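You will see chain A twice below: alongside chain B first, and alongside chain C after that.
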Partner chain A sequence: MSLLEVEGLSVSFPSSDGLVRANDGVSFTIAPGETFGIVGETGCGKTVLGRALLRLLPDSAMYTGRAAFRGKDILSMKEDELKELRGRGIAMVMQNPTLSLNPLMRVVDQVAEAYVLQGMDWKVARGEAGRKLYHVGIPRDRVRDYPHQFSGGMKQRVMIAIALALNPGLLIADEPTKGLDGEARENILRLLGSIRDHEGRGTMLITHDLRAAAGLCDRLAVMYAGELVEIGSTLDVIGEPRHPYTRALLGSRPESGFEDLPGEGPPLTALPRGCRFCPRCAWRQEDCVTGRPEMVEAEDRQVRCPVVMRP
Partner chain B sequence: MHDRKLKKRFLGSPTALVASGMLMVMAFMVMAAPLITSYDPLDVDLKDRLSLPGPEHLLGTDELGRDLFARVLYGGQNTLLIALTVAFMAFAIGTTMGLLSGYYGGVLDMTLMRFVDIMLAFPHIILALVIAGLMGPGLENLILALTLTHWPAYVRMARSGTLQVKEMTFVEAARSMRFSNLWIIRRHVLPNVSDSLMVMLAMDLANVIIIASALSFLGLGIQPPTPEWGSMLRAGVPYLTTSPLLTFVPGAFIFLTVVSINLLGDWLRDVLDPHSHEIEAVVA
Partner chain C sequence: MIAYALKRLVLLGFILFGITLLTFGLMHMAPGDPAFTIAEGRYGTDLTPEQVEQVRAEEGFDDGWWVQYQKWVSHLLELDMGRSLVTYKSVTSEIAARIPYTFVLAFTASIITFATSIPLGIASAVRKGRRQDVAVRVLSLVAASMPNFWLGLLLIWVFAVVLGVLPSFGAGGVAHLILPAFTLGISMAAINTRLVRSAMIEVLSQEYIATARMKGLDDWTIISRHGLKNALLPVLTFAGLQLGFLLGGAVVVETVFSWPGIGKLLVDSIMVKDFSMIQGCVLVIGATFAIVNIGVDLAYAAIDPRIRWDVDA
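Our next item is the complex of A and B:
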């Protein structure tokens, strides 16, 4: 059984500009022990997807489709089931570690909190938290510091320690390397790599950093304007991208010559009727603007573009 | 490190030192009244009315021959009891309501805030006057009337802070970790809104002393013969020209207490306000 099964998940919000379709018909699965990457540019709906899986979105969010964790549907969970899910079932490393830590609490206490809530005594919990922090690379003599005494990379380590505290079945890391300098970034990625496939834990890496995703993930999904456009093994997607957007994304990397992708993603309130990438696409055909393309599956790969998939 | 820094800044501030020193001396004198004076504040001696300060009566006697020094010390017990009770009760009730209202929002928030708006539309003293007038004079009723008029301000302060803090990512992060709402409010929201509430509490303490004294002065507080600074002021008014000490002494005690508390509150605000740190850093 897969750890996480998402099928036809759509998330939308009412807004003054009309309905915001942040996620539209998203389907993918994550197997136990697998590291799955969601890659896409800023504002494409990656973070909404992560939060939807923990039901952390505002009450105004409307869901359709299915998202099941270990066979239980997340979208229909009641408050007490959600409590069971959060932290122990699925845990999340939020983006921006500086804002994600309580500025007035010692870091060890912020990790220990999770254990105290399990019924552990504060003293024991602090000991446990200290071990967890040491495990993610925080020296023992720093655990009693406050967050502002930590660098961005160290704060991110604390966030990871908190997320791992209750040994979740699935770890969602939302842009864990955002705002970190090169070395800190490498260290965090190495840390995430060292904790994955531990006791069958799945990892979902949400990022716009293709290099991070390529180095860490078993499989990749590429997201564009709220929908997944390509899913496949990392090797395939990076080595032989099929969807025009994936190709453009890979071509824009410095090592591939910084090739600029003209235009910008459509606003999520006014999506084109046909293919969403069509206006920026180099492979555009006349029939691209009429109907929304379906996912085409071939050889372990799903691509939402009939044009490039035509034999 | 937070506490250590606060202590250092405290010792480096003459205002804070003088103000807290004054308060401590005053509080000690009031608390230890039986040790300091051997007179009973209720002991009437009609043969020795309105006497001048002397070796026998340190500050003289009042219109019934009671020792003024003893009365002002014992009176302070009542005044400070009222002020502390009212300020802390209003603080506790208002903060709790404000946290819940701001965190949960919705109908509770709407209803509560409209009620608070109405309460704050009346001047404190008028509202307290009406409540105390309706319930009759006395210590308990005075405390009740003042608490009822003072808690709404804390609701507003706590709520506005909560509205800001609850949108911060660390609250969301805590939500993603199975923490219950009450746990999040207590451990993540409250500590992050408490600075401004502490300053408000300090400022309010001074305010309550003045209003409590005013109500007692108007005869709605503690009744004679029990000494209280406000009612002592009132009792001294007829003798303003002949024995000014009767009004001057309780007046001076009220003044010194209120000024000390206000200075301390000002200092606290400067220390806790992040912007004043920056200014200092620039100057240094």
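Our next item is the complex of A and C:
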């Protein structure tokens, strides 16, 4: 059985600019032990997807479709079921550790809280928390420090320690390398690689950093303007990208000489009627603007582009 | 933390020095001639200019201001603030007799304020936009808009005149404390409730609250462990100012209820132009205000580690 099954998930919010269609018909699965990457530009709806799976979005968020964790539908869960789901079921390494850690609480206590939730008393929990922090690379004499005393990379380690301490079935890492400089970024990627659990825990890595995703994930999904446009094994997607957007993304990587993708994604309040990538697409055909393309599946690969998938 | 506290205490020293200069200066710039007032006390209202001059020379009012200031401060350091121009009682002992009343009233009012504004503010923030929130906001707006003297008279009318259950003025047992304390407490609680509410709403939208929810904590733990301390930081500044005003004598309320605190003493002294008593009151009120606010600074540092480290570094 899949750990996580997402089927036709759509998430939208009302806003002053109209309805924000942050996710639209998103479908994918994550198996136990699998590391699954969601890759896309900033603002494409990746973070909303991660937060929707924990129901951390504002009350105004509207959901349709299905998202099931271990067979239980997340979207219909009540408060007490959500409390079970959060932490023990799904934990998240939150984006921006500087804002995501409580500034008035020692980091060891912020980790220990996860163990207290699992029934330990505070004293034992702090001991465990110290070990977990050491495990992610925080020196023992720093555990009683406050978040503002740490660098961005160190705060991200604390965030990872919190998520791991919750001992979740699925770990979501939301842009874990965003805002980090070269070396800190490499260290966090190495840490994320070392904590992968190939047997049990699943991992969902949300990132705009294609190289990070390629190095860590078993499978990749590429997101554009709220919908997934390509899903496949990392080797296939990176080695032989099919969707024009994936190709453009790979083209804009430094090692391919930064062939920048012209233009920017459409606002999620005013999506084009046909293919959402069409205005920026090099493979554009006349009929691309009329109907919304469906996911086409072939050889373990799903691509939302009839043009490139035509035999 | 210790270095921070020491720096604050040094600052307090400078502030207190400034307060003595200002108090002294203001009294000398104030209209009215203290020599005249003293002479009136001694010789009656039918004064000759010679009698006034004699008093002026005896009291040292002819010396330069710096000499007078030095003399005044050196007495001050021995806790001697001179004698009342009207009653000839020692200013120090008169003020010392009033301070306990002011302190009791200030602390009771503060307890009433916090015991109501923190739970109400939190409840309002958590149920933002719903019926309880609207009710709290309307009530607090009404209470905050009532002038103290009017609220005091209203409470006197209800509880002393109509119901006859509480005394309307003076000091005595706990019963005398209730009306003035609630008059002050209600109006401060009204403002504080709104402050706590907006601070809590702000905090609840922060990412670290999302982290707390992600962990699977229940609402009560999220609010008490992660929300409250953060939300109280902005409230603390205002609460410090309020306590400072209260300890400096709630002039209006003490007057309405004839509560024998330092605020009432100040008003009475102004009425009879008792310069040395006014000077003493202003000095003590100013010093209390400064000390309370340094206390607030220290409380900030105790709660917020970012302040401790910024200053130590």
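Note that the second predicted complex is superposed on the first by the 309 of 311 C-alpha atoms of A that agree within 3 Å, B and C clash if a C-alpha of one lies under 4 Å from a C-alpha of the other, contacts with A are read in each partner's own complex, and residues count from 1 in each chain.
To be clear about the criterion, contacts are C-beta pairs under 8 Å (C-beta built on N, C-alpha and C of every residue); 3 or more make two chains touch, one makes a residue touch a chain.
Treat the numbers as computed from the prediction; the structure is a model and nothing was measured.
Is this a clash or a fit when chain B and chain C both end up on chain A?
These partners clash in the superposed model.
Using the touch definition from the top, say if A:124 reaches chain B (first), chain C (second), both or neither.
Neither chain B nor chain C is touched by A:124.
A:289 in the overlay: touching chain B, chain C, both, or neither? Say first, second, both or neither.
neither
Out of 23-31, 41-49, 59-67 or 95-103, where does chain B collide with chain C after the chain A superposition?
Between chain B and chain C, the clashing stretch is 95-103.
Show which residues of chain A both chain B and chain C reach, each in its own complex.
The answer is residues 54, 56, 83-84, 86-88, 91-92, 94, 96, 99-105, 113-114, 117, 146, 159, 162, 166 of chain A.
If we count contacts the way the header does, which residues on chain A are in touch with chain B in the complex?
The touching residues are 54, 56, 83-84, 86-88, 91-92, 94, 96, 99-105, 113-114, 117, 146, 159, 162-163, 165-166.
Under the touch definition given earlier, write down the residues of chain C that touch chain A in their complex.
These residues of chain C touch chain A: 206-208, 210-218, 225-226, 229-230, 303-306, 309.
Provide the residue numbers of chain B that touch chain A in the complex, in ascending order.
Going by the criterion above, the answer is residues 1-2, 168-170, 172-180, 183, 187-188, 191-192.
Help me check something: in the complex, which residues belonging to chain A touch chain C?
Within the complex, chain A contacts chain C at residues 51, 54, 56, 82-88, 91-92, 94-96, 99-105, 113-114, 117, 146, 148-149, 159, 162, 166.
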